[in-house]
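All chains are identified by letter, namely A, B, C and D, in their written order; residue positions are counted from 1 within each chain.
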């Protein structure tokens, strides 16, 4: 939950506490919020400090290793089937738009994990909000490996990374339209075919006893 | 000139018989080498059995069946290919193989055409295949084929020289370029006055033999020198666009030439068909068998290396040829010459 | 130079040694390897245990199980009891072209109607023919092995 | 032949390859006298050296690469999207197929992530069996690599040895999990089943075979001067650049970075109980990558032998609710998989399935360095570099 403070809840590991302290010292106001995810520190920074955060992580924290950059779409996915239709094929997620740890200002977020190859168990999870214009600062100038990850996020969510040398399609064909990982992008495989679990045992015409559950044995 | 089988027949008939024999022997040797080494020895070296079912006994029919299958296949030619050159290339490759067989003696009187410049001739016609390979690579209108063809040309030309130089030692010692003469020299030669095993030239020309084997390996474009084909890089190099019987030609060319080079090596360094204490008619019958055994021995070495080693890179290959093989070969010639004069 | 020559020769030694050893190949149609007891070869159906509860079809990640059934009245077990209503299986198809062999259906089945069998020889030349019905699935019941004993230190569960 | 007979790490052999000579020739005029036209060569998506469907578009001057652009996605299956439509147990089946050579190792971080959100811990015996199977899949993956690398460099025979020896290990995995490739054996809270009777003895025997076949690979491939000539000084990844690209696992360790998540990451499984060593090589070239993996295969075999002795008795499942609902929260779990760092960032909203799963796969980042790495090398070196990086297409494309 966005505003939960880590009191009495999960605690940071020693390394993560150090990471948090260093980030707070370096970034100051740029940190919007921080939280804990299973011992790791999650830091949400202002969008205009996104690249600076990477620089700080690399230079000051020794996090020289980029694990990944990705996007999140916090919008609840449209239901596959109407409620009450009995289709339970997809897990039922909450219907309202809620945000994960460290909160979010809106529907889209970019997040990344950086790690240190020199210090034991030192890593940081970084998040930043993506406004409606979908612009994010690129990390390519800091971590060379950000190239493909940002292309992926551009393709999957439509995020535009300012400063990225060439935002081209990575996985999908060049003429592909849409952003598949957005929650409102339909998963066709689940729509072209009826769910086989939906078919229920029908009583014989005139057989009576409709109320008895079919599954329960003696 | 001796008739082939001690029969008194006209030269026209002789020629026809000879042509048939050569035409038959090249695919046959290719089949034998392909079966024994490619299918069986390689399989066992890789801890497998190879084909076991076709033909009943250890899959002896497999290659024959493959050959027939190739003949039945559709003749595919790339749309952009230079059609005439494309079609001609496999024939050129196979032709060079056929021509080498002409001078290799399989017995005292069993040779298609004895030539006084036999060694020279054999090595010269064997390099004809370069032209075929280059034609194939160029005419396929495929980038992989082109790269393969150019690699092959560079490689075959580079290894022509050490191949020839490696043989010069033998020629110097035997004093003749006639392959039959060389065999006779080895059969009748004496080893420190003892004629028990004749005088196989490998005993003095072991450097030459090693060089010949390495260079032959490169000439045959076999690993560790198979860059023109380079399965993992160029897919199949100059052969990439060939299917059906045209591919079969390349296959026959490859293994037939392997046999020819093994036979050359056996003749030049191991005494060829000769067994020192067998002469006359017995040698006529024993000769081919002895030669065949020796060829298989040499071929075993070739294929053993082929199935064991990784391949060099093109520039490394050139470096080996020019920086190692050729200087060593020149040194060997010099040494042979000095010793020949001294003793 | 010495190291290079040695490196070249040891390689030749390895291949030669292998050549003199027995090959590991199993000549498949003539001789065959026995898959282990747990091998997930094919899913067999014990039809009489199935109550058409649809749990397997619902938990299948690939949606590859198709079940249809109907209810029937059966005479009561005891004298004077109510007539029972039982579910009868009409159709139980598994599309092996879609199946990922995860075994979730076997695990969720509450009535022990589905079993793994190590049987693997059921290839078809056409992909549509991989849809197998309940008769075919029933035939595979014969190939279902007894569960094997566990390694020492394992806690043997009471049930099953 | 022992490791000591190999060339000193760090000392470049006397092969006529000067890395500085062609490292950045891309920026220079390659052929001054004869200005040749460039040729664009399309390698893949179906090419013997691309392990599947990687496609490389390379611009060549002669046989020298001026620029290379890897094109991926021919096997993109959209697993991140698919996970949003599936429950946790169903997802295990999917992620088996990301890196299909070491599927068991793929399951572990995902299951750990779910367990961490649910605050469940698998019992010690389950942890040991997980570790054993993870190491077995590492051995299986690396044995294939050790042979495959030989194949890509032109020797056919090692590939068959790789497949042969891997089969022994896969047989073990199949005997335990029922699947050679896709075990689907991890459950949230433990494992599906215990080890079958006789596994420990079989496994001991197989580990001896693995150690023996490592020696064979050393004799046949690593010790071969041609192989060394082909791989030494080829495809050097500098440590800092490799880390910035996210190159991980043996590839990074071959660049001299002493970093192994099994030891240096957030502790997982039972690696801390074991006595083992992280292997590194200072060179960072293709040979170093081969050498590091060779040593790691041996190390893994030794680890498995240790664990077989230490295997505790007890249950293999913790108490887990019948219908698994993972509480709300986020967690990132990454593990040291055979190909490198495998991580899952799981966001749960309290449902039976995750809200979002970010799959961080090793090969994706490992391959992303290719455009940099391939500049200025020859075509044959492309193949050794690709083989040395050792990627699985499913792990790139997901």
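Definition applied: a contact is a pair of C-beta atoms (placed from the backbone, for glycine too) under 8 Å apart; a residue touches a chain by one contact, two chains touch by 3 or more.
Since the model is a prediction, treat every value here as computed from it, not as a measurement.
Student: Considering only C-beta pairs in contact, identify the chain pair with the most of them.
Tutor: A-D
Student: If you average the Cα atoms per chain, which one ends up farthest from subunit C?
Tutor: Result for max centroid distance from subunit C is chain B.
Student: Please report how many Å separate the Cα centroid of subunit A from that of subunit B, as a whole number.
Tutor: Here subunit A and subunit B have centroids separated by 64 Å.
Student: Return the distance between the CA-based centres of subunit B and subunit D, expressed in whole Å.
Tutor: 43
Student: Once you find the CA centre of subunit A and the CA centre of subunit D, what distance in Å lies between them?
Tutor: 25
Student: Using Cα averages as centroids, what's the distance between subunit B and subunit C in whole Å?
Tutor: Each chain's C-alpha centroid was found; their separation is 54 Å.
Student: Give the residues of subunit D touching no fewer than two other chains, as numbers and ranges.
Tutor: Within subunit D, residues 86-87, 157, 161, 164, 220-221, 224, 226 contact more than one other chain.
Student: Got the subunit C residues that touch at least 2 other chains?
Tutor: Residues 8, 11, 14-15, 18, 24, 59.
Student: Of all residues in subunit B, which are in touch with two or more distinct other chains?
Tutor: Subunit B, residues with two or more chain partners: 45-48, 307-309.
Student: What residues on subunit B touch subunit C, complex-wise?
Tutor: 41, 43-49, 52, 304-305, 307-309
Student: Residue numbers of subunit A touching subunit C in their complex, please.
Tutor: 88-89, 193, 195-197, 199-204, 207-209, 212, 214-215, 217
Student: Quick check on the complex: what are the subunit C residues that touch subunit A?
Tutor: So the residues of subunit C in touch with subunit A come to 51-55, 57-60, 63-73, 85, 87, 110-111.
Student: Taking the complex as given, what residues does subunit C use to touch subunit B?
Tutor: Subunit C residues touching subunit B: 8, 11-12, 14-16, 18-19, 21, 23-25, 27.
Student: Under the definition above, what is the set of subunit D residues touching subunit C in their complex?
Tutor: The contact residues of subunit D facing subunit C are 1, 5, 7, 86-87, 89-90, 92-94, 96-97, 125, 157, 161, 164, 167, 171, 174-179, 182, 184, 192-200, 216, 219-221, 223-226, 228, 311-316.
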